[in-house]
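In the part that follows, the structures are each spelled out as structure tokens.
First subunit A sits with subunit B, and in the next complex the same chain sits with subunit C.
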Partner chain A sequence: MLLLLLIFLATFPFYGLPSYYTVLVMTFFMFGILAVSWAMFSGATGYMSLAPAAFFGIGIYTTTILYSLLKVRVFSVLPVDALQPAVNAFLIGAVVAGGLVSFVLALLLGLVTLRLKGIYFAIFTFGLVVFISELILFLEIHITGTRGRTLILPGTGAPLCSNTTIYYIMLGILVATLLAIYFIRRSKLGLAMQSIGGNEEGAEHMGVNTTRVKVITFAISAIFMGAAGAIMAAKLIYIDPIIAFNLNYSFLPVLMAIFGGMGQLYGPVIGAVIFAYIQRILMTEFPKYYMLIFGNTRYPVHARWIGRAGAKVAESKAAIKIVERRRSGATCQYLKGKV
Partner chain B sequence: MIDTTLRIVIYGLLTGGIYALIAMGLSLQYGVARVLNIAHGEFIMLGAMLTWALHTGFKMNPLLSLAVSGPLLFVIGFLIHRTLFKSLRTRAPSVAAFEGNSLLAAFGLLFAIQSIATLIWTANTRTYTYLNIGVEFAGTVYTVNRLVALAVAVAASVVFYLFVTRSRLGKAIRAAAQDPATAGLMGVNIDMVLAICFGLGAFLAGLAGLLISMYNALSTTIGLNYTVIALIVIVLGGLGSIPGSLIGGFILGIIGSIIIIRGDPSLSVVVYYGIFLILILVRPAGILGKK
Partner chain C sequence: MPILEGQGVTKYFGGLAAVSHVDFHIDQGEIVGLIGPNGAGKTTLFNLISAALPLSSGEIRFKGQKLNGLKPHQVCKMGIARTFQEIKIFGNMPVVQNVLVGATFGTPSRMTLADATREASQALEFVGLSAMNTAPIKDLTLVHQKRVEVARALATKPELLLLDELMAGLNPAEVSEAMELVRTIRDKGITIVMVEHVMKAIMGICRRIIVLHHGEKIAEGTCNEIACNKTVIDVYLGEETHAGS
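Up next is the complex of A and B:
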């Protein structure tokens, strides 16, 4: 069953559907990675991390900076037919690098922050996202003299790679994330995490090194967020700190994971698919609707922006309802009842 | 040298007063209602935009428009608590679970309020001028509207502090903050008191927004910045402590003016967050907070 699904997803870009669908499914994967890796740490230990956007943004910036460094020296001098394979290889390398940078950062952060309890940890991780974003903005303006960066191929000015390439790399990261959470849950580490979520003091008295367990899982979960960000940079094309460190990347995965339910591996993925789909539908359908109302067809940008606002309203209302419905996870309960 | 120091202190007080007012509202919402209201800045934005709308639309004096925007924001805050956070609170298994859930719900609220405001007022930047008269003091020119804003902020803080410490409702509020279950048993209508607290927090945010609108440019996206400032101040002063918010507000204001006058204005946000992150690591309970 799972294998069939995987084969279907692996061949999905070849069914001749418009590339819109490839991008849509790719977005599902991205949010799936964020939601699953969030649940990997926070779902089990009960520490609410609002840092996904920080690691995601770090991944985006890893690719961006590496590419800017290599662009003039390597990619510009390559012959035209060797360029695309080289860039693809670079992107895979960047994904690994993004994961590693996030891992190291999370390790350092974890060592100093994970003794914070409850709401303080949430506030700290919330502040962290804005802090890194502002710091990068400051450094960019004052040291490198840039505000944003564009990721395009030298010469042609085309995007770094096709949507299909991004799709496959994203699928690969999602599979890796699911495998990681699967094995962690079955390991001693997973049991230790569950015990921290149940009763941290009790776990400590039973001989669990709680700090080490928390720091390790926090860092492991950051790898996948960073990796997802690293490949997403190629899709975003234009990068600045406000885009890369958007707080939505922190809050949406949390809502998705809670909505889908964290008792099962597929819970957060289902939550991610539903949420990402709602978001996409509202963003693409509402502009027309609003344009009719406002009769403002001359300003497509304006209308699109209103569509976004509408999407936000509906999305956040749904979010409020979901939080009310609680942690057991509506989808998981539904699926359990059915099977 | 002395002139610069004086300038730093005065600028610090001018911004610090507003910061303190902003933080007090959030402190009340977190300290009593246990809602870490990430949408706090959106209420500030609503207060500011309402003042602008009343001033440009009905030629209303910005300070007097509090008579309209104040009660309106109070009612909005009150109703939000009654409909949203009350049910979250009764269903949550523990205080910690409620704090986590209400944080997420408040994030939803942030986007809901911001989007509705953007639909009403569009994303354009708005300004109006009110009491934009310069006053010279010790070699520097200050505008009257900022001085008025500081005076109003300080007066409001004092009145609010007296209200919480002296009045009967204030005592009920403090009782609910210390031990909701016992306060409930002693005849305090907890749901009502918590909703009033949330409404008062929104009211204070609206007042702060009104004062900010007198000297700053407005748009519907200014909220998050003020939320983070309020978070920094209440962590600085101790979560849930009202005098702590006052002191924390002035400290942050003075730090801000040192950076702006002595250093680089664009660095101020980075330094604010830096202080915030260090503080939350070193002393999460804040200056006046209880352990």
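Up next is the complex of A and C:
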């Protein structure tokens, strides 16, 4: 079943559908990666991270900066028929680099921030996205003297690679993300994360080095966010901090994971598909009212959160409990026939 | 040599001395009761031993090694396990997983998950809960949840076990069972310190009692000595003695 689905997705670009659909499914993958990697850390530990946009943006900028460094020196001097393979290889390298840069950054940030609990961690990670975005904007204006960058091939000015290439790289990252979460959940690390989500103090007293576990898993989840951003840069073509660090990349994955449910691996993916599809439809059909309507589609999810967690908000443990309670999620419950 | 030793153990919360210059020692293989009125500093003392709180001054030694500056997970690996007055179970997991966490991370030697799972089942069997292995821990009664905490602590292979009000809220039959459990744990060679308000339990199983009041140690001795101690009767036991006479 799973294999069939994978084969279907792997051959999808060859069914002769307009490339719109390839891009649409690629968007599903991208949000799937963000939602699954968010659930990997936040779903298990109960630490509500709003940092996905930060690591996603870091990935985008890793590709962008690496490409500007190499463009003049390497890509411009390559013969025309060697250019595309070289750029494709570069993009795969950039995906790895984006993952690594995000990993290192998350490691450092985790050491500082993961001592914060509950809602404070959520607020800090939210601020982080804005901070990095503003920092890059500042550096671009005052130091490099640019505003925004474009990612195009030298000479022709075409995009770096075809949508199909981006599609496959994105699919590869999604599969890697799902494999990672599958194995982590079955490992000691997964057990440690879950115990932190259950009761951090209890976990600490049972010999779990909670700080280390949190920092490492936060950083692992950032790898996939950064990798997804790194390849997305090729799709975006024009990059500036506002685009790269769009806060929707933080909020949507959270929503998707919670709506889809985190008890099962496929939960966040299903949530990602549903929300990404709604977003796409609204954006194309109702461009003027897109935000208004999309805001309302999110409302039921928020309402369910707030309703269930209402009593706990009073105890100011809101964020942790919300995640804990929503672990089984709407779609998972539906699929299990509970709704 | 005492297994656990405290000298001038002091903890300030702001200006309040929650535990003040307490000297104590726990010998290998004994069951020691820690009693005193509410707010006397019993749980704070447990928190200091298990490193949940840092000491303000003084020092605590476990088998001759200083515990100052260690983290709770390090103290746990050294062989000190504890339960909590307000249970701190992993509510999102089944019973056996709760115990598995202790077996996997709390033991001094690194264990594979398979070995740890076996240890966890054994610990649950020991406290008499093997029938509930796979049940979600939230579905258990408080009495059973407390037992899971004991199993979880035992799974870390401790040499010293700190029990914080294990018997609070239990009916007389359950208290007897719990007392029996504590004795069996001691017979396995594990030293026990227990905070308890149930005097029947304390007097029944403890070899020695330490009494705290306002953060200070006001008495220490065998059950008989404590039961007749004038100060202890005044600040804590009072009512009970009258009722008995």
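Brief remarks follow.
In the analysis below, the second predicted complex is superposed on the first by the 295 of 339 C-alpha atoms of A that agree within 3 Å, B and C clash if a C-alpha of one lies under 4 Å from a C-alpha of the other, contacts with A are read in each partner's own complex, and residues count from 1 in each chain.
As a convention for this text, a residue touches a chain if its C-beta (ideal position, glycine included) is under 8 Å from a C-beta of that chain, and two chains touch if they have at least 3 such contacts.
Just so it is clear, the model here is predicted, and its values are computed rather than measured.
Of the two partner chains placed by superposition, only subunit B is touched by A:F251; subunit C is not.
By the document's definition of touching, neither partner reaches A:T63: not subunit B, not subunit C.
By the touch criterion stated above, A:L116 is placed in contact with subunit B alone, subunit C being left untouched. Applying the stated contact rule after C-alpha superposition, one finds that A:I141 touches subunit B and leaves subunit C untouched. After superposition on the shared chain, subunit A has more residues touched by B, the comparison being subunit B against subunit C. Residue contacts after overlaying the shared chain place A:T125 against neither subunit B nor subunit C.
Of the two partner chains, subunit B is the only one that A:M48 touches; subunit C does not reach it. Shared interface residues of subunit A (contacting subunit B in one complex, subunit C in the other): 324, 327. The part of subunit C that touches subunit A in the complex is made up of residues 50, 52, 71-73, 76-77, 81-82, 84, 88-93, 97-98, 100-102, 104-107, 113, 152, 156. Touching subunit C in their complex are the following residues of subunit A: 187-188, 191-192, 194-195, 197-199, 201-210, 324, 327.
Interface of subunit B with subunit A (complex): residues 36, 38, 84, 87-88, 91, 96-97, 99-101, 103-105, 107-112, 114-116, 118-119, 123, 224, 228, 231-232, 235, 264, 266-267, 269-270, 273-274, 276-277, 280-281, 284. Of all residues in subunit A, those touching subunit B in their complex are 48, 112-113, 116, 118-120, 122-124, 126-128, 130-131, 134-135, 138, 141-142, 247, 251, 254-255, 258, 305-306, 309-310, 312-313, 315-317, 319-320, 323-324, 326-327.
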